[in-house]
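See structure below.
So that you can tell them apart, the chains are marked A, B, C and D in the order they are listed, and the count of residues begins at 1 in each.
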Amino acid sequence: MQIAVIGAGDASPEEVEAAETVGYLLAQNGAAVVCGGLGGVMEAACRGAKEGGGRTVGIIPGTAGENPYVDIVVRSGLGHARNALVVGSADAVVAVGGAYGTLSEIALALTMKKAVFGVKTWEIDGVFPCLTPEEAVLTAVRAARLSH
Amino acid sequence: MQIAVIGAGDASPEEVEAAETVGYLLAQNGAAVVCGGLGGVMEAACRGAKEGGGRTVGIIPGTAGENPYVDIVVRSGLGHARNALVVGSADAVVAVGGAYGTLSEIALALTMKKAVFGVKTWEIDGVFPCLTPEEAVLTAVRAARLSH
Amino acid sequence: MQIAVIGAGDASPEEVEAAETVGYLLAQNGAAVVCGGLGGVMEAACRGAKEGGGRTVGIIPGTAGENPYVDIVVRSGLGHARNALVVGSADAVVAVGGAYGTLSEIALALTMKKAVFGVKTWEIDGVFPCLTPEEAVLTAVRAARLSH
Amino acid sequence: MQIAVIGAGDASPEEVEAAETVGYLLAQNGAAVVCGGLGGVMEAACRGAKEGGGRTVGIIPGTAGENPYVDIVVRSGLGHARNALVVGSADAVVAVGGAYGTLSEIALALTMKKAVFGVKTWEIDGVFPCLTPEEAVLTAVRAARLSH
């Protein structure tokens, strides 16, 4: 099971904490964390996943600069186009906060008919709003299982 | 000057009419129309541009299927990732209506700090809402000129 | 008709001259020149095409830096992955000289079953060797017409 | 350490055997196998890696169809352009046999200045020819270590 965690590289302390919890709980549920591989929410999700004993994949836009908690790095060199690969590789998506890059990933995920669960993120029709990281992980894991 | 026209492949008659006017006016203003190359809003914008004596570029997701009004076809084969190229190649962006694919293009354009002008499209902070195709083209052309 | 001209950004005077002739003759035959949009062979082919009254498309790896003879610029931001788009968008391919990047384009074109005509380029099984730019253009135009 | 194993989806029994050995030995040396995720050489390398207790990454061109020995699947949807990601994500590359797709990956790897080790593959200047899978893995692992 692969679940994408998306969110800004420049994240607030609350977003970082939420993302770390999301990563930790995904790992505990046996899901690999797929993300954009950089800082902020991406780094926090990876750090959480490693604390939880899980695996992390970072699909970076360039060819270097992944965060230290990335196990497998995909050096895409694709720039912003890599956003499509992050969500395309996921069985479900958890969005934490986020700016326009995250919005593009939410929209791409919905285009691909992936389930998207949001924690204090863009209010877009089709995104399931979750009150807590726990709720987001629970529902995302369930959606990912159903997608197979 | 290259201006992207984005919108759904499955568009309403009103959207088609607005997109055709946008394409026509862009051509009259000397701007090449860049789009996703398929049907709906994309086809209407290309048809309008050809009626206006202009040039059209279609960056298609696959390797075939461009609409008949595309002059230059980029057969990207990139799937949804091609959305980043449509807006990345533009000096400014006009969005007409649209579903999630269009939302992803709006978000990618804003990530790249491109000016986005919308006609009955997603209400996203950063998109300039326009009441008419005429207003969208006028302001987009001005923004494209300033971007150089 | 769209024909790709591929070759190194760092080209010899002979390669530059050959590429310019290729571009000129393609334009005279009504074919748009598709290329990687940068210098060397790419710039020479575009310059020749403009002298011949034709159209040029440059699919650049980054978001800036196209040569001055590019009419339509696709700012792909894809890095080396854009090579697949250059040949994928072509009805036939002419290779002039070239280093590893050109070899990758030749191989990608052959993977996509596009006809490749070479002027002093890599000797790869499947590439039609041509003695002159004139021969390369003649045969490429014929192949492009047959591909439709 | 991530090492790409490249080769045809339609491989000979000798190539399959060589690729399986390469995958097994890479795993024993602590390297993750990165590949195109499909059949033939790619599947054999992944199967070998799992027998050796290692990790495998498949960067597939579409959105489904990875072989059963892929641990992490990147559903790129990029078509042939994904070849750039396979070698771009590697610290060194081992080529086993192969057709034009493999040639494009060899050329892309050399463009990116990655070391490429070949077992009965294309004879391209810059590729280190190896007599056995063992030699290819030994030298590739050494090159990958030096690249950090």
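Simple rule for what comes next: contacts are C-beta pairs under 8 Å (C-beta built on N, C-alpha and C of every residue); 3 or more make two chains touch, one makes a residue touch a chain.
According to UniProt, the chain labels map to these proteins: A, B, C, D = TIGR00725 family protein.
In this text, all values refer to a predicted model and were calculated from it rather than measured experimentally.
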{"item": "Between A-C and A-D, the pair joined by more C-beta contacts", "value": "A-D"}
{"item": "Interchain centroid distance [CA atoms averaged], chain A/chain D, Å", "value": "27"}
{"item": "Whole-Å gap between the CA centroids of chain A and chain C", "value": "40"}
{"item": "Multi-chain contact residues (two or more partners), chain B", "value": "63, 76-81, 84-85, 88, 112"}
{"item": "Overall pattern in which the protein chains touch one another (line/ring/star/complete/other)", "value": "complete"}
{"item": "Chain B to chain D touching residues, read off their complex", "value": "63, 76-81"}
{"item": "Chain B to chain C touching residues, read off their complex", "value": "2, 32, 55, 57, 59, 63, 71-78, 84-85, 88-89, 112"}
{"item": "Residues of chain A that touch chain B when the two form their complex", "value": "78-85, 88, 99-101, 103-104, 106-108, 110-112, 124, 126"}
